[in-house]
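Got some structures for you, see below.
Look for chain A in each of the two complexes below; its partner is chain B in the first and chain C in the second.
Moving on to the complex of A and B:
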C-alpha cells in the first residue's frame, strides 16, 4: 500500500499533506494530554513493531504493494490516535531509509495507513466486541480495515490519469480491482490472522493489556 | 519453515541492520558531511520535490547525475551507492510499472514496438479495452522508463541524505524545524527498538528451530508463529516499562536534549542551499521551455 514518489501528481501530494496536518496536530495534542511519560516508550515499541510487520510486503501489478500494517492492533490496544502516531513514525523511517513509500507521497500513505486504517479497525472492533468476543472481532476489524485503506490508496492513484497526466497511468478501472484483489486475498487474511493471534495471546496471558486507557475520540479519563 | 525462508530471513535482517544502522559514511570528511544538517535536510527536500515535478526523462537524468556527483564528492563509493539505491526499486516499483508497457493496460492505442501475440480477433475482457493483439508499445516503454527514472532519482536523494548525516543530527534537525517534540522523541526511540526487536526475532526463530525435529505441519507452524509474535509483543511491552524506569532514574522529565551542540549554518551552507534552488528552478524552467 506504500505509494512511491512520482506515482501521485504534485497537487495530490499537497492535498494529502494538507489533509494530514490537522490529523497529526490532533493526534499529537491528544497524545500530549493523555499520554503519561510511561506510554511514550510503549508508542515507540509499537512503531517498531509496525515497521517490522510492514517490511514483509509483496508488490501488486497495476497497484502498489500489499502487506499488513499493524494499525488495527495498535488501535485496539492504545486507541486510534496512538496508532496515528505509531504508524506515521514507522512510515517515515521506511520512506527515508528504504525508499519504500515516497517522501512526497508521505501525506497520502499516512492518510491511508495511519489514519483511515486504525480508525476503521478501532470502530469495527468496538462495534463487534460485545457480540462475538475479542478474537473474532479483532480478526474481522483488521480484515475490513486493511481493505478500506487499500481502496483509498487505489482511488488516490487511480484518479491520476484524469487529473495529472504523466504520473500513475492506471485508471480506477484497473487500480481498484488490483488493490482490492491483493488485499482481499492475501494481505487481508494475514492481517486478520496475525491481529487475532496477538489479541488471543494477550487475552490468555496478559488480559490487562487489552484494557489499557485508549486515546480515542470521546474517551474521557 | 523451509531452508530458503530461514536463509532469506537472516539476510533480510542483516540487510535492514546494515541499511538503517550503518553510520560509516556519515563520519567521513566529505562534501555533504560538512554541510549543516538543517540546511542539508531542507536542500534535499527541495531536490526531491523538484524531481517529482520533472516530466522529461532528460531532466530527470540530470537530477540523477547531480545525486551521483554529490555522492562522489562526499566520498561515497558509487559501487556501494548505486546498488543501495537500486536494490528495492525493481521490487517496489518495477513490477508496478511493468504491466503498462503492454497495450492492453493502456487507455489509448499506441505505436507497437514488439507484437507478442496476435489473436486475429477482438477479445473483450472485463475492465480492459477490447484488444486483438498483445504488444509492447513505444508509449508504454517510454512511460515506464520515465517513471522508474523519477522514482530512482527521488530515492537516491533520500538515501544520500541518510548516508551522509548522523541519525542524531537528523533528530536535531527535526526539532529545530519545529516538528512536535513527542514525534521526534518517539522517532528516535523507535529507531533503536527496531534494532533490538530484529535481534529478538532472530533469536526466537533460531531457538525454536534448534528444538524442532522433522517436518512440522503448517497448522502447528502458524500456531507457533502466532505465539512468537505474541511473545515478542509482550517482551517489547515489558521492555518499554523497564526502559521507562531506566529513563526516569536518569532524570527523564518528558523533555530531551542532545549530545551534540546545535551549530548554526554558516556562509557555505547558505551557498549550497542557493545553488540547489537555482539548479532546481533552472532545470524545471528549461523543461517547460523545451
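Moving on to the complex of A and C:
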C-alpha cells in the first residue's frame, strides 16, 4: 500500500498533504497534552512494531505482495491520534531511508495507513467491544480497517488515468479489484489474527496496558 | 526497565531475527500492486515507468549490489535494525519537543 513517487499526479499529492496537515497538527497537539510517562515508551515501541510488521511481506496469488500495518492495534492501545503519529513516523522513515513509498506520495500514504486505517479500526473496535468482547472486536476492526485503507489507496491510484495522464496507468476497474484481493484475502486475515492475539494476550496477562490513556476524540481523561 | 517493555523489546528482537522471511518469502514474486519500478503489460498495451524524484540511502531495504539471497537478507537485517532504532529515536525526539513546547507555554 506504499504508493511510490510518480504514480500520483501533482493535484492528488497536494490534496492529500492538505488533508494531512490538520490531522498531523491535531495529533501532535493532543499527544502533547496527554502523553504520560507510561504512554511514551509504549508509543515508541508500537511505532517500531509498525515499521517491523510492514517488512513482513508475503505473496498474493495474483503475483503481487502484501503486508499488515499495525494501525488498529496501536489505536486500540493508545488511541487513534497516537496511531497517527506512530504510523506516520514509520512511513516517513520508510520513504526517506528505504525508498518505500514516495516522498511526493507521503501525504497520500499517511492518509491511508496512518489516518483512515487507525481511525476506522478504533471506531469499529469501540462499536463492537461491548457486545462481543475485546478479542473478536479487535479482529474484526483490524480486518475491516486495512481493507478500507486499501480501497482508499486503490481509488487514489485508479483516478489518475482520468485526472493525470502519465501517472498511474491503471484505472479504478483494475486498481480496486487488485487492492481488494490482496487485502480481503491476505492482509486482512493476518492483521485480524495478529491484532486479536496481542489484544487477547494483553487482556489476559496485562489488562492495565489496555487501560492506558487514549489519545482519542472525545476522551478527556 | 518495566517488565512489559523488556518483554516487548525481546519480541521485537525475535522478529528482527526472522525478518529476512519478509523478503525470502516473496523472492520470486512481483512487487506489491502499484509499487512497480516499471510496467510492461502487453495485455493492456501499457509500457510505462514512474518518474523517480529522490534516491534513498538503502533502497528496498538493502545495500545496493547485495543481490544474492544471503546478502539481501543481511541488508534486510541491517535495514530493520536501523529503521527500528530511527523510529524509536524520532518518537522520543517528538515527545521531547512536545514537552519543551508545553513548558514554554
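Heads up, the rule we're going with is that the second predicted complex is superposed on the first by the 211 of 221 C-alpha atoms of A that agree within 3 Å, B and C clash if a C-alpha of one lies under 4 Å from a C-alpha of the other, contacts with A are read in each partner's own complex, and residues count from 1 in each chain.
Simple rule for what comes next: contacts are C-beta pairs under 8 Å (C-beta built on N, C-alpha and C of every residue); 3 or more make two chains touch, one makes a residue touch a chain.
Predicted model only: the values in this text are computed from it and were never measured.
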item: Joint occupancy of chain A by chain B and chain C, clash or fit; value: clash
item: Which of chain B and chain C A:127 touches, first, second, both or neither; value: neither
item: Contacts of A:66 with chain B and chain C, given as first, second, both or neither; value: second
item: Partner chain(s) touched by A:1 [first = chain B, second = chain C, both, neither]; value: second
item: Contacts of A:163 with chain B and chain C, given as first, second, both or neither; value: neither
item: Chain B versus chain C as contact partner of A:175, first or second or both or neither; value: second
item: Touching partner for A:200 - first (chain B), second (chain C), both, neither; value: first
item: Contacts of A:185 with chain B and chain C, given as first, second, both or neither; value: neither
item: Touched partner set for A:18, first chain B, second chain C, both or neither; value: neither
item: When the two complexes are fitted on chain A, the stretch of chain B hitting chain C, from 80-88, 170-178 or 278-286; value: 80-88
item: Common interface residues of chain A - those touching chain B in one complex and chain C in the other; value: 2, 4-7, 28, 31-32, 35, 40-41, 43-45, 47-49, 51-52, 55, 59-60, 62-65, 85-86, 89-90, 92-93, 95-100, 102-104, 169-170, 174, 206, 209
item: Chain C-touching residues of chain A, taken from the complex the two chains share; value: 1-7, 28, 31-33, 35, 40-41, 43-45, 47-52, 55-60, 62-67, 85-86, 89-90, 92-100, 102-104, 153, 157, 167-170, 174-175, 178-179, 182, 206, 209
item: Chain A residues touching chain B - in the complex, by the definition given at the top; value: 2, 4-7, 10, 13, 24, 28, 31-32, 35, 37-38, 40-45, 47-49, 51-52, 55, 59-65, 85-86, 88-90, 92-93, 95-100, 102-104, 161, 166, 169-171, 173-174, 177, 193-194, 197-198, 200-202, 205-206, 209
item: Of chain B, residues touching chain A in the complex; value: 12, 16, 19-20, 45, 48-49, 51-53, 55, 85, 88-89, 91-96, 98-100, 105-107, 127, 143, 146-147, 150-151, 154-155, 158-159, 161-162, 180, 182-183, 185-187, 189-191, 193-194, 196-198, 201, 222, 225-227, 229-234, 236-237, 239-241, 243-244, 247-248, 252-254
item: Chain C residues touching chain A - in the complex, by the definition given at the top; value: 2, 4-5, 8-9, 12, 15-16, 19, 21-23, 25-26, 29-35, 39, 41, 44, 46, 48-61, 76, 79-80, 82-84, 86-88, 90-92, 94-95, 98-99, 101-102
